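As written, the chain order gives the labels A, B, C and D, with residue 1 at the start of each chain.
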Amino acid sequence: MNLTRLATDFAGIRMATPVMGASGTFGFGVEYSDFLDLDQVGAIISKGLTPLPRAGNEGVRIAETPSGMLNCIGLENPGIDVFLKDILPKVRKEAPNTVFIANFSGSSVEDYGIMAEKLDVDGVDGIEVNISCPNVKEGGIVFGTDPKAAAAVTKEVKAHTGKPVIVKLSPNVTDITVMAKAVEEAGADALALINTLTGMVIDINSWKPLLGNVTGGLSGPAVKPIAVRMVYQVARAVNIPILGLGGIATAEDAIEFLLAGASTVAVGAENFVHPDAVVRVAEGIDAYLEKHNLSHVSELVGKVQIG
Amino acid sequence: MNETKKMVEIGNIVSNWELSADVNALVLECPDIVAVAKPGQFVMIKNEMGSTYLRRPFGVADVDKEQDLLLLIYRKAGKGTQELAQLDDGAPISVEGPLGKGFSFKNEGRTLLIGGGVGIAPIIYTARHLSKELDGPKPVILLGVRNHKELFWSDFVENFAEKLVYTTDDGSYGRKGFAFDAIPDILKEYPDIKHIKVCGPTVMMKGIAELAIKQGIECEVSLEKRMACGFGVCLGCTFEGKSGKRWKVCGDGPVFAAEEVFG
Amino acid sequence: MNLTRLATDFAGIRMATPVMGASGTFGFGVEYSDFLDLDQVGAIISKGLTPLPRAGNEGVRIAETPSGMLNCIGLENPGIDVFLKDILPKVRKEAPNTVFIANFSGSSVEDYGIMAEKLDVDGVDGIEVNISCPNVKEGGIVFGTDPKAAAAVTKEVKAHTGKPVIVKLSPNVTDITVMAKAVEEAGADALALINTLTGMVIDINSWKPLLGNVTGGLSGPAVKPIAVRMVYQVARAVNIPILGLGGIATAEDAIEFLLAGASTVAVGAENFVHPDAVVRVAEGIDAYLEKHNLSHVSELVGKVQIG
Amino acid sequence: MNETKKMVEIGNIVSNWELSADVNALVLECPDIVAVAKPGQFVMIKNEMGSTYLRRPFGVADVDKEQDLLLLIYRKAGKGTQELAQLDDGAPISVEGPLGKGFSFKNEGRTLLIGGGVGIAPIIYTARHLSKELDGPKPVILLGVRNHKELFWSDFVENFAEKLVYTTDDGSYGRKGFAFDAIPDILKEYPDIKHIKVCGPTVMMKGIAELAIKQGIECEVSLEKRMACGFGVCLGCTFEGKSGKRWKVCGDGPVFAAEEVFG
């Protein structure tokens, strides 16, 4: 893999490749060390952190769907304090060279500010603000679908950190460009899209929802066409860089996102199926660049030709 | 227990045959995983040519380290396993493993191994390990099955069993009723039993775990939860143990001390 | 198949079974006569009709996606007048006993009224108002995402027809219950959901969108969890009956929709793959009723148990 | 032409072998479709155990009505065909057909059959039909291929050809260049040619169609468009003919008069 072709500056964060592990699907990164070389991972995006520890939702949390999956983990995580004390040092020791982006959410605008401030420490290279988790009743979904609330969260976060701020958008909206523009205007350094689409599976034997939380977030290849469309729309609406994700399984998928206008991409559910996916996708992009005589991955970004 | 490196390996099908109307056996050639897999661990497999998305977890039923063979025994439960059952010899299967921590083994006393349904699969390797690899006292094996059509398990375990006891739901073979009901007699007959290891439906494990705890016999149970990843990153499989600690079935288990789950 | 268990009254339309062929995927019904018995089809829902003939979009119109497909047919149809003169008589001759529902759209509120009036003729058993087609620039998408516009269209249609009016909703909205309630209040007799989700595929060899119209509508099994969730939400928000669709391939899928709250269902893209699907799904529902000792399909409707 | 009833039938694979690095032949046993399929028609197939969603269209390359066999020749173009290539004998394939209207046949003059790439597939049945079933003058067959590694077509057509001419892109066999370039010589040698039927890339068909129209030779072309249904309901495959009429490639074609497409 030719890292000079792939090295990418994303919102001021220098990454070895433009391919990251998506929040909630990549643990804290170090869990993947058996399967891939962490030095070749663009960035580890952490499981979503919250102010307090969370046990997550009861009952079944995973359901397979055609070419995808639903999850209602419910943001299980040890809380920001345990993260800072126990987990971050371990990650920095085991993956000293990999960019680490902390994903988090809160239940109020103030929460977001507090989290941003706590995460403004060495070892964290950037933060990803999850305003779109559909599983948490106390707030997430409101911030993710209301442009004013999203802007307020963004401003609060920006006021409490010196790190690059990536705001992650929900696809469960009528017009994602409205959200994107609101967040851009509020000062976000970059956007990530898409988070999961809200879905449901009913067990026809028990007549109950299969998932403990009734609904869950849909991800995986099934959602890719929706994600590519949204990245394409948002790229035309904003001037800040985009981290594109949603259903990426192969380098070909990732290249669609790049052409649509994403500067970087993340692999989500596919990590569960092929735990070397993040590196395999990067290698595939590199092979594509080679084949097409391109000297840098940025030459693909937003290059889709219309009409 | 030292964690072995996890890996993904293509295992070609060596054979894939029917044991009963709804249970199949699958033998895969996958040297690297076979070399390190321990009793009670599991693998996540994927038929890359099939229509399902996530990997599917299956307990390591047995390994043949000389011939690099991995045995899985699977119930044709849904789409993934039904497609698997159609595959012929030579077809490539992606195998991820070995996953989880297996059963623990101590150097004293006899073990009672109890399996219910396809939960019997990991009992095979465990029995062989106890009686052959560790060369200790042969385990007593108690199997709870639906009826006499499910006695195919004998072929896999009888050589490693001090005694093999069946219960059937309908009394068509062995003792009628639940595996649980047969335990008192077994414990009476084998007072040297110091360990119980169970893999089967939750209700079965719960009853046995409670009995073992009451009687002060060390007991391990092997849990099942829907898994997306199998190696600790999706958090689909977590639960809160009786100690208050949160566990991942895939990474910390699937084998747990009975007290932590049912205590 | 036990038709007494399946016969369903939907918004005043008496159907042999609750399983219909979805608009745009079932032609005018008679194209399926080689593959199934039209008498066992709950209803034929026509390809979307428009005031004038339409040639549809240029370029590639079909793209396969993981467990689904994108289409950008662009409402190709012979126009309402040719339909009434040539097609409807043929359908009524070849499928005299099957319920026929005419699906249509327009570019203005007035268009919708004119269409409704023209379709208020013998041989048409009900009308389905498509306010959600994402492919037509001149209007469709606006009506489908703005509750006021959707209500205006519904009122106009109701004022011009004596037929039962089914309004078909778009899933490309933040909160589908808002749309559903607006349309209910405006007088719709029933709702159909979901139409397609907007998606995009980029050809990484040509760097162009694969589809002639850049984006297209995603349907097929991939979208089922989203559709079931939306039916579930809408069923709790309105009192009019729901026609549920989106990714139905099997009776099991259909039963999920019924439990979620749909009184009837429609099979869409699956008709292309298995042209007997509409009848096979009905048969499967019947077998399920038999197995579960239920005397009528209505005993499933909305019976999902929460908590 | 009378429309035959369309149907869906499970065809078991009788054989599935490689003809070249990227082209395979597939023989399916499907009596009902074979009994009625005509030259130039196509089928839509689906591997129900595979990961693709829509059916895939393939021209009927040939049929054996005595043995109920259907021959398809397919290029391993993408996921669906690559998975198909992995399937062994006995695997069931869902076949829908016969679809479309095939070539038309008139009782006078000789036919020049021209194929390019996998578009050669339907030429096989058409050639056999002309020379054996209709017992008319054997067609002249002109095949445009990439290079000498694609001469496997000869095995399928040489018995039915009055003369078999190849052009190759690289000149590694036959005449170097496009099939188009070989036509004047053929027409000179066989002045009894009254019909041309072409199946291949659009650019090839266009050139030939224009030449045929100019020379007043009846010409039919077989079109390819992405298809979701194959029987006229999705409207994925429509186009506007030169007459101003809108056609469905799947239902009104795939064979059309050259004038209507390229006139």
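One rule holds for everything that comes next: a contact is a pair of C-beta atoms (placed from the backbone, for glycine too) under 8 Å apart; a residue touches a chain by one contact, two chains touch by 3 or more.
Bear in mind that the values here come from a model prediction, so they are computed numbers and not experimental data.
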item: Chain centre separation (chain A, chain B; CA means) in Å; value: 36
item: Distance between chain centroids, defined by C-alpha means - chain B, chain D (Å); value: 54
item: Approximate Å spacing (C-alpha centroids) for the pair chain B, chain C; value: 47
item: Shared interface positions of chain B, touching two or more other chains; value: none
item: Numbers and ranges of chain A residues touching at least 2 other chains; value: 63, 65-68, 220-221
item: Graph class of chain-chain contacts, one of line, ring, star, complete, other; value: ring
item: All touching chain pairs, where touch follows the definition stated at the start; value: A-B, A-C, B-D, C-D
item: Contact set on chain A toward chain C in their complex; value: 63, 65-68, 70, 145, 172-175, 197-202, 204, 206-209, 214-216, 218, 220-226, 228-229, 232, 247, 252, 255-256, 259-260, 288, 303-306
item: In the complex, chain B residues that touch chain A; value: 5-8, 46, 52-55, 96, 226-238, 240, 246
item: Chain B-touching residues of chain A, taken from the complex the two chains share; value: 24-27, 31-32, 34-35, 47, 55-56, 60-69, 71, 73, 76, 220-221, 269, 271-276
item: Complex contact set, residues of chain D against chain B; value: 49-51, 83, 86, 88, 91
